[in-house]
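Okay, so chain A shows up in both of these, paired with chain B first and chain C after.
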Partner chain A sequence: MSDLQSQDYVRRSASTMTPPMARSHEDQVAKLIDVTRCIGCKACQSACMEWNDLRPEIGHFEGSYENPMDLGPSVWTLMKFAEYENEQGNLEWLIRKDGCMHCEDPGCLKACPAPGAIVQYANGIVDFISDKCIGCGYCVKGCPFDIPRISKKDHKSYKCTLCSDRVSVGLEPACVKACPTGAIMFGTKTDMKDWAQERIVDLKSRGFEKAGLYDPPEVGGTHVMYVLHHADKPSLYSGLPDKPHISAVVEAWKGFIKPLALFGIAAAALAGFFHAITIGPNEVTEADEIEGARVLRESESEKSP
Partner chain B sequence: MEMTRREFIKFTGVGLAASSLGLLGFGASGEAQAAAVRPFKLTHATETRNTCTYCSVACGILIYSMGDRAKNARSNIIHIEGDPDHPVNRGTLCPKGSALLDIVHAPTRLRAPRYRSPGGTEFKEVSWDFALDRIARLMKDDRDKNFIAKNKTGDTVNRWTSVGMLAASASSSETSYLTWKAVRSMGMVVFDNQARV
Partner chain C sequence: MTNTWQDIKNANVVIVMGGNAAEAHPCGFKWVIEAKIENGAKLVVVDPRFTRTASVADYYAPIRPGTDIAFLSGVIRYLLEKDAIQHEYVRAYTNASLIVKDDFTFKDGLFSGYNEDTHSYDKSSWDYELGNDGFATFDDTWQNPRCVINLLKDHVSRYTPQMVSRICGTPQDKFLHVCELIASTSAPDKAMTSLFALGWTQHSVGAQNIRNMAMIQLLLGNIGVAGGGMNALRGHSNIQGLTDVGLLSNQMPGYMNLPTDKETDFDIYMSTRQFKPLRPGQISYYQNTRKLFVSLMKALYGDAATQENNWAFDWLPKLDIPLYDIIKAFEMMNNDQMTGYICQGFNPLQAFPDRGKIRRGLSKLKFLVTMDPLDTETSRFWQDFGPQNPANSAQIQTEVFQLPTTCFAEENGSLVNSARWLQWHWKAADAPGIAMSDIWIMSGIFHRVRELYRKEGGVFPDPILNLTWKYTDPISPDPEDLAKEMNGRALADLTDAASGGVTKAGTLLDGFAQLRDDGTTSSGCWIFSGSFTEKGNQMARRDATDPREQGIAPNWAWAWPANRRILYNRASADPSGKPWNPAKPVISWNGTRWVGIDVPDYTPTLNPSAGASPFIMNDEGLGRLFARKLMVEGPFPEHYEPLESPVENVLHPKVPNNPVARVFADDRAAFGSPKNFPYVATTYRLTEHFHFWTKHALINAILQPEEFVEVGEVLAKEKGIKQGGWVKVSSKRGEVICKAYVTKRITPLTVDGKPTHVIGVPLHWGFTGQARKGYGANTLTPSVGDANTQTPEFKAFLVNIEKTTAPAT
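Up next is the complex of A and B:
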């Protein structure tokens, strides 16, 4: 239990029972990304790679500010740039820091078949435990935000850890610390919601009437939240889901099919047991042996006339 | 242990059933769990305050190096992040500053002075002694030739206008003061610094 002293698990993949938690007074943490203050400098991206010892291969310019073009096993956070022409015909440059949302009800964890490969700590962080990961890719299918990526080198799944190693010793995540405009903040979930409300009031007074907080209730809320100028249309921000949901296949497979399958296995085992005690195994009787010998003889005499 | 074929198949079947039940979630949930959170990598690293040199903003940085500076340990910079106590950036850094670690360890980084002789086409690596002696020699020669002690009206001005100096951007008030003292003491008037001296 030594590793659970500071970080109790509240959820664990492929486990029907979660380890009991003796300490229950840990604050929920959250990262608040205020896209209205972001200037797209990518300091968060640099800081993330520096802290987590990630160096993706240098690619080619693709005609976009996005660099690289997609998240990857070595790219846990990525600035996404969207150009939007608003009702007044003005161009708005909507920049969003993409990465794991650390859902309260994580689809990846639900889908994962490897016991303990995905865990959620009491502070809300969802973490991948690489040595238990089997690289099946179910988490990719289970994620409502299309975040995890499987490494081609070690065939394990990777994503943002919310710097669980920094948070566990009382520091903020590396991206939060680096952000020069204060667009990324970190604290308790309550404080982050309060701060977001202040920002939303301010934005509304500046003409962004639809400004709001992105903390989707469909996944039980998230531990990474956004302040959006157009909270009514999250999909404007490079395809942020309007209503994120865990895939119906995953819900069905891990929801009602799993108990059905368990029931089926138990029924088969019980049927076998009762068959064994009521009817018992097929015994070879004396009559059977004589009959068998006769059939064998006949067939041999037919073969060699 | 003697085992008939029938028994072998039975055992295999039981084993398969047991492992299937385990995978379906009947496994022991209280099993020993391996360490989950990555160990914090700076616990005993040496922390050094410094100033980022890459623009005139001059953000405060914390440089972490492995080892505790014991006699037999060779330090190596392993991480750089913003200095929360520095009034300029209060812990934040720009993308370049956040990636300083790779600038420090860049294989293309200049590690010694390089010299291209007049009319030469190639730079070659030289010693600091050579470089400093040569700079001093040339400065002295130029100063002896072009120093203006008095202007046309006969007032003492002690100017040396034919040589200038560019200082680094990572200047604290103290280093700016020293730069000013050193350069002005020679009469040099043309000098500047990215962060303004």
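Up next is the complex of A and C:
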């Protein structure tokens, strides 16, 4: 299956590639999460665990309905609950399903130094290809939404795949199928945007004047979008970024340093070519391994209490 | 439910009060969302806590637990004062016009006929004034002050917005806004649906909570119509089926009652059950009770039930008290009056009030048999699990037999859902290990007990020896065999009086209309008659075609009674037979018969001009704003404080609680006072779990792993309780040590001028299964029930809370 999916690559980390063009009839897809009809039941979390065979440890109660407490290598989606007192003094319980946003311009992919460890398909889904992942954690730094998590067991990075395995055979993601209230929808991005507009009209008629669609242009739009009652303040929803941005370091790497680096790579390739024909093959990822281990240590020490 | 899950989408207003539909019924809740999105409905939530349902509501109002009757009586007062009722409906379809006996009174919290010694009522005055013709008298001009509507107006006059706010703690403006939304559905083409569950039933006044809203729905003309109704959301996939087949100590299948010991013969038993019409031309369906009863007895005793032996009436047990409910059963265990207990699909150590008392009762038994697919707490009550189950095994002599059973996915059968649908399901997997079906186990017990009676005689062997057992496989009867027995058969060739058609002996009946009282028909549960006919298993039908896309798919499974999807649907049309709401008709009169998308809840060819009213099960044919003698605490709902309450009853301090509540002396001694237990607690479920089952499932345990209580920010600050910190919650009956969820979703309510704090106690954790060990909410709850049903008062009681440290493990 993944072989066929490789024909749908439009981007590939740390690689320059010519996207295969034979399969040209794919629509861009999107998952639309309408938080205004979400009841926080966690059926999506349950379905995600079931379909993807994920079983995080049984945790503790930590002062919130959120369980597990954070996204993790085995927790690819998570309901987040925020208690918000609005301007009228009335309580709102803002519940948001968190997980990978599948950015059109994915910070993780840009930041990833391992060739082909992060790919984007023609339908927009951003996927991690585990056998190529070196566990360096750059994707964590590159993500504007703080989504990927590195496993302490296998030192690989994990996140929601938007059920790319299901979508590639014409099924909706598992969370969409499980959602009892239709708060999670899936289809072409165009259809999802149209449907979102209908929802926004209804919400405005119910007094949510700032209702709107979250499809942030800062990352080129996303393939997971939200309908929010308070689209003017996304951060009310357990810290959804008001203006997500890819870290300046990553942007600098891609925008300014990369051309230089490309020159470097080309020079290295040329040198490598001469190296190969004169001396023989060499291990080229060793430095990456060391750097990866360092980042991993850092990220682990950040997470432990 | 009077209506169906799908029908919720037709509502203009959805009120969730006495329940938390999004939390406890997330799948069915999709129809509420559908009503909002497709029908522009407003969702209103009234609850002590800001719940998951409230999170998607258009309007939320808080209420103190146990004060729903004050709130709802205030709503009735508002509707009558603003004249926001559906007049034509109320006049034609309710008992508003009927005249009540002169000696019926209500004073200082008591209705006429109260006996202080027996804590019960002589209800003779709670009825209509009858005319010389034997029919109830009425005045449809409503001039007579003894009309039900005028007595009601008088009764609710005390429930002013100020009084409602004083009792319930609901701010007046919020109460009035809710009234306004409810009143908007008094228009004939507007409907409100009431969704409720155990938030109303689990009170000492539970049945009256529900009646109170039913009265509002009658006043608004919202019963029988699309998008209306009183919709009890059942908390278990087959709890509707449990009550339908009468698995309660005082009932038989199809909501027939067991005789009492005063009903010494069949004629006396029948004399109070075959209700003659109380107004001219009424259907009064229970005139047919004898047919239903005789057919049941033929199903139980076959050829042994004869005309000569009064259809084996003498073999039925006769009740000496109204109920042998669970509270009574554990009282008897504690008093050594009950020494053996067969516990089938039930976990009372987790599920019933005052866990300490339950544990002591089980410890006194000679034997306990548990039948369950799971390793329940009840079957392990004798084992020491630390502070969560401190048991001294050496001192417990109870012999425990733990019989593992199949679960629903491991057997064929039917489940009855909230909408009264009997849905057949098919076995999906083999049972693990030595688990056997409940049917196999119960059949085995039956055969062995019968053999003992055969050999040894015994005091009264007839009721056991004569039971009929004609199944293809007597060792483990096939569920289809049992379903056919419930449906019923012709026992002789039956000739239909009208059509002359003959139903051959031995064939399955088409419905309960064919039942007879001469022993020529049998039916094990008359309301299920029609579910398994000669056309096959109707419950197994799966055609989702919904002709008007109005939520009625008549060929999907089968609904009791008679495949009817909306009860009282005659009331969806005006007296002349035209739908009140032409956009959403259910049935209508076409000049010769009733037609529409549902099976008429009425005689199909009865002309509207004949004047038969829609509520055909009632002898006056009318919806009852005045309940006559059917409720033990009065014909109108009245606000009584919970047995454990933080305040006095401001309406009548001398009658603070339900005056007919049954309280055992030891239970009363275990009630706490607000001095030591100043906070109101309420128990509930969370979406992540189903009762005490899913903590055995890994994914559910991951999603909600550990016991906690919910505490408002103000109280937490007062008591120094930190977010996620350990607390000890105690009632006079026991204590729970767990973590605290400090939340904005519970705010202090001002009750009678004083701040009142509510503590929320989710109920899922115990000491078996995969989730972390917990003490269980029922450690705290009081042992007292609703005065009619004895459903325990889990929703309002008193506790204290202190911060503490983690329990020793």
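Quick notes
We adopt the following convention: the second predicted complex is superposed on the first by the 252 of 305 C-alpha atoms of A that agree within 3 Å, B and C clash if a C-alpha of one lies under 4 Å from a C-alpha of the other, contacts with A are read in each partner's own complex, and residues count from 1 in each chain.
Criterion: a residue touches a chain if its C-beta (ideal position, glycine included) is under 8 Å from a C-beta of that chain, and two chains touch if they have at least 3 such contacts.
Here the structure is a predicted model, which is why all the values come from computation and not from measurement.
Contacts of A:45 after superposition: both chain B and chain C are touched. In the superposed model, A:180 lies in contact with both chain B and chain C. Shared-chain residue A:132: touches chain B; no touch with chain C. Chain A has more of its residues touched by B than by the other of chain B and chain C.
Of the two partner chains placed by the overlay, only chain B lies in contact with A:169; chain C stays clear of it. Of the two partner chains placed around the shared chain by superposition, chain B is the only one that A:116 touches, whereas chain C remains out of contact. Where the contact sets of chain A with chain B and with chain C meet, they give residues 41-43, 45-46, 49-50, 55, 180, 182. Residue ranges on chain A touching chain C, taken from their complex, read 36-43, 45-46, 49-50, 55-65, 67-68, 83, 85, 90-95, 180-183, 199, 202, 206.
Those residues of chain C lying in contact with chain A across their complex are 22-23, 26-27, 29-30, 33, 36-37, 40, 50, 52-56, 58, 60, 686-688, 698-708, 723-724, 738-745, 770-772. Those residues of chain A lying in contact with chain B across their complex are 2-4, 6-7, 9, 12, 14-19, 41-47, 49-51, 55, 113, 115-116, 119, 121, 127, 129, 131-132, 161, 164-166, 168-169, 174, 177-180, 182, 258, 261-262, 265, 269.
Those residues of chain B lying in contact with chain A across their complex are 17, 20-21, 23-27, 29-30, 33-41, 43, 79-82, 84, 89, 91-99, 101-102.
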